[in-house]
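You will see two complexes here that share chain A, one where it goes with chain B and one where it goes with chain C.
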Partner chain A sequence: MASASSLAASLNPATPPDLTARAELREIDASTKWPVIVFLLSGLVWLLVGTCFALISSIKLHTPEFLGDYEWLTFGRARTAHLNAVVYGWSTNVAFAVAFWLMARLSRAQLRHAGLLIIAACFWNLGVTIGIVGILAGDSTSIEWLEIPPYATPLLFVAYALIGVWAVITFRFRKSEHIYVSQWYLLAALFWFPWLYSIAQIMLIFEAARGTVQALVNWWFAHNVLGLWFTPIGLAAAYYFIPKVLGKPIHSYYLSVLGFWSLAIFYNWAGVHHLIGGPVPAWVLSAGIAASLMMVIPVVVTAINHHLTMVGNFSALRYSPTLRFVVFGAVNYTLVSLTGSAMAIRSFNEITHFTHFTVAHAHQGMYAFFTMVMFGAVYYILPRIVLKEWPSAALIRTHFWAAAIGVTLYWLDLSIGGWLQGLEMNNASIAFLDVVRHTVPWLFVRSVAGIIITIGHLAFAVNIGWMLCARPPAGATTPTLFRNPPAMQASAVR
Partner chain B sequence: MNRGPLIFLGIFLALAFSWTGVVLTNQIQYGSLTPYYDANEGKTYPDKPSGQAERGRLVYQDLGCLYCHSQQVRRPGFGGDTERGWGDRQSVARDYLYERRVFLGTMRTGPDLRNIGARQPSADWHQLHLFDPQLTSPGSIMAPFRFLFEYRRIVGERSPKALKLPADYAKLHGLDRTDYELVPTPRANALVAYLLSLKDTYEYPEAKPYLPPKKEAGSK
Partner chain C sequence: MAWVFYTLAFLVAAGLSGTAVYALYWSSKHGQLRDFDRGAVSIFDDHEPVGQMTDHFPAGRGKRRSSLEAGTAVRPPGSGNSPRVTPS
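For the complex of A and B:
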């Protein structure tokens, strides 16, 4: 249907240029359809699996007898299965889906040989599945963020390389003269991740470095997975969707250049702040702290760019699901990054290190920022590739409020609980078991927050399933919005 | 900025910068650190782990103990590690030389374990604690590791390693049959051997025990 209409449009000289461009975009969207759907649906399955393991681990931490007799569900394994399911299952799959769609659109190039990409997607998900089953069976490496056992990682690496190369090929076939800031972020992320992953695998597992050099490699990798893989994808999406939905250009082109390069230079040194106080050379810690503080530059610059684009258009948040999710994510990016810089300062780190404060911080980054931006992107992309509208605005609303309230509660709760835990832990006159007991109420509230978030995920899954199963609409449709805007064109705010 | 190759070069150099700085430089600086030879005692430190402790390390790894327990003592005055008795001195890089995988950890839901072998040298205590943490540490939120133990009929003599449960606990949980005993599996024994091996009770020139009275004025 898409190609027929675009053919007619291109043949008819009377077609206005805007319509031609729209027809072209439609064809590009159509070329990404199956890879994006495969990545997205696999991501969705992992999101639900990861959420289950999250709830199990969370409950175990305040009620240790819960499922206490199952070795494969012991806290150390369930928690690790959760992390790997949401990081390599959900987040990476949805990042691929969004990255490919964005790359094709911004390059104005169709995705070629999508079938190969689907095979790569199958290999990736096979690797993650083997990895998580391996973790539950007791083959975890116990290296944070790299727990997937060594028999599954080469598969992951090859699948990733194939996927990354495909994105670069799409970029090479670009028809657009200008390279938009989102494309820089996408290219950088797709290049950085395999480098990080292969070095970490070699220096930690296949030819392990000696002593605490391992810890440095570990945190160079683990923090950079956040900073140089998920963050750039999240920012690429935010840089695309905020101006797109509002129908106005980004606040400042110059600032987006500055933000990108300062992130590229400073973020990758910052990871060693996870080792402050540890048995590694002091100079590298100081360098990591300095880099963490320098991160204020890209964060503030990006914040100015995103938030000033929004200024004057806040009413659009009432209508557009995409915008609401993405802006929620962008605001949290600012907050989580500034907190992160503070956490690298030695006197602050002395309290927050080794506590639940760090857990709150990680979830604010991976969920309140990255995942929320990805949700927003999915609400925009999916109707355009399946040519159907979201069946239920109420489910989108449920999803948004459950996710937003849930993760905010999670973050506030564990930030306060973790801070108090840190203060008590540094005071040797309080018995350690009392410190543990005092964390229990906070951990309990965390489980409540987890249940609220789960409700949101179920609404998201039901809406996607419903949408894919629904019959295609007969005629023209209007986008599903939270409510219909009175004065604005519906298409402009979706 | 519209030049693809230039952008790519920048992207490459950015990560090359930290890869060189954080990874390669440190690997060169102390990646081949050697054990310390103590001329007075005529032996080198740190101690090499025993075979059983090494097997126990793998149990520690597969159960994910490091997600709640760190293995590093921070210097006196930075956090409360030494005041809590988690170690006499701060941990240094040399302590970890023989560890095929280093479990520094980033979380202290439970206490630091760097010197647990010195702080709690009783194997019986560790067996009971692993079987049910409430037995030794009421109010703990540690997971029970009952699956590392076997409740079995006594054949011949009682095993010397059989757990000595308090009578009321045994009765409450139906573990009080006189012809049965509760014994640790080889994995539990290995894990306990590993925990008991965790102790940095020697000194290096770069790391002496902390002497409480001499608090440095300028230290923060």
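For the complex of A and C:
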């Protein structure tokens, strides 16, 4: 067994890292079981809660009288509750679950003192719950992506301190000789997130900066929480699951290292492109635009790596649920990142700024890329830690197609509608209210896309609940999940 | 009071930048930036080797039952007796 003798030994810098033995994959997976399940189930609840708030706020945009008598469900509160539920509830919880499992597996070390992680999960989810209730009660800070009221954030800090330290400890006691590129991404993200969150809290909430510096800090945070927290976790998962599922090494490991370090250098500067046209120094915007365009380097090398690894193996998508979700996410990472670089160009930004195009872009990043990769990761991880197979292939297919069709419709609809909205807003001969009226059909289609996505989430939730509650079939002592079907053996991995 | 926070913020940012530079130096010194082929295959091992797919849709109920009856439903993950897909 690889667990440390005591908590103090794990925390003591003098403890030699070779104290533990290299663990088997089964032992590693088993050691992550309860923290992963707790974070994942918490995330699942927030996914469903966030989806409800998403539908409510989407419907209100084209049918304003919907639930109009409830002050706690006014658009400003419901939309904000949606954002915080999916960002800090679903996305961050599932990111923790996937990050722990990946870090333990790649470090070839068991997760140590898992009970403390469960306590951290309780703190985190208590903080998010108080935050969302506070937002619905009208206590939002009104700072985008940081709306959770100040009385809830200390709980998040306590939780993160436990979580971050534990990932670093797992890495420290690693028994792998090589640090795989996914570990670089995970470690960096686990350092970057507390930095972003604490600086933003200091400069926007506790000792708020004055004037336009507030806006600069706000967009530095809001953009980087995507690029330096969710993106590295998503890429870490993609870099692990695509080659692992295929049984084929990544196309170019050299490019993956180049992609990591170029993302680390350039991304931090890119957020200020949200303020193009705003009253901030021109050199700051120019630096942000340059960095946004330099982001083409990590995006292209990552795209080459992911997509060329898949070339010749597309038939495997028929057989692997994980691969379907992760490859869909990887393709959308390429698209959303290149669109993001384009949106930083002033002439492009003149049209898309303040339109639904930005909303489409944000959902392509957070859902079509990050969330889809996380779904794929969950389909891979959960059977391995509970030692049961997924009860229904039909529900997995329903989940995939509903999520893929729903988010693609959402993205296309709001991208086109937002672009037309931008062109009309730049035309002084069109009254503003007419521009608003012209967006209504696009907003209606968005609600339809949201309903399709919701069907996928329900299928996902039912499958997870069914899996966790189900008993193994009579006569089976082990899951059959990992046996390759004959059809796959014939066609896989060319 | 603001200057205390801002000094702290600056120190944290400087420390993080320093950590990143040290990480790059460390990875270079410890051979992490050499022998990329070895790095690429480091996620595979004897239990889950190169050439073996490790994920697929669950079988239907009928198929699962017949495979159990035939005695072909086997092994937990990572137990090492996995059927292999032959790479070319």
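A few notes on this one:
Operating definition for what follows: the second predicted complex is superposed on the first by the 449 of 494 C-alpha atoms of A that agree within 3 Å, B and C clash if a C-alpha of one lies under 4 Å from a C-alpha of the other, contacts with A are read in each partner's own complex, and residues count from 1 in each chain.
Here is the rule we go by: contacts are C-beta pairs under 8 Å (C-beta built on N, C-alpha and C of every residue); 3 or more make two chains touch, one makes a residue touch a chain.
The structure displayed is predicted, hence computed values, not measured ones.
By the document's definition of touching, of the two partners only chain B reaches A:358; chain C does not. Looking at the shared chain after the overlay, A:179 reaches both chain B and chain C.
Once the two complexes are laid over each other on the shared chain, residue contacts for A:257 go to chain B and to chain C alike.
Touch criterion met: A:426 reaches chain B, while chain C stays clear of it. Looking at the shared chain after the overlay, A:446 reaches neither chain B nor chain C.
By the document's definition of touching, both partners, chain B and chain C, reach A:191. Judged by the touch definition given at the top, the superposed model places A:199 against both chain B and chain C.
Shared-chain residue A:71: touches chain B; no touch with chain C. In the superposition on chain A, A:143 contacts chain B only, with no contact to chain C.
Chain A uses residues 177-179, 188, 191-192, 195, 199, 203, 257, 261, 264 to touch chain B in one structure and chain C in the other.
Chain contact summary for the complex, chain C toward chain A: residues 1-2, 5-6, 8-9, 12-13, 16, 19-20, 24, 27, 32-33, 36-45, 47-60, 64-65, 67-68, 72-79, 82-83, 85-88.
Taken in their complex, chain A has these residues touching chain B: 60-62, 64-65, 68-71, 74-77, 79-80, 138-144, 171, 177-179, 184, 187-188, 191-192, 195-196, 199, 203-204, 208-217, 220, 224, 228, 257, 261, 264-265, 268-269, 271-272, 274-275, 277-281, 284, 287-288, 346-347, 350, 353-356, 358-359, 425-428, 432-433, 436-437, 439-440, 443. Residue ranges of chain A in contact with chain C, taken from their complex: 24-26, 29, 106, 176-181, 188, 191-192, 195, 198-199, 202-203, 206-207, 240, 243-250, 252-254, 257, 261, 264, 316, 319-323, 379-380, 383-384, 387, 389-393, 396-397, 473, 475-476, 478-485, 488-489, 492-494.
Chain contact summary for the complex, chain B toward chain A: residues 1-2, 4, 7-8, 10-12, 14-15, 17-19, 21-23, 25-27, 29-33, 60-68, 70, 72, 74-75, 78-80, 83-84, 90-97, 99-111, 133, 137-147, 220.
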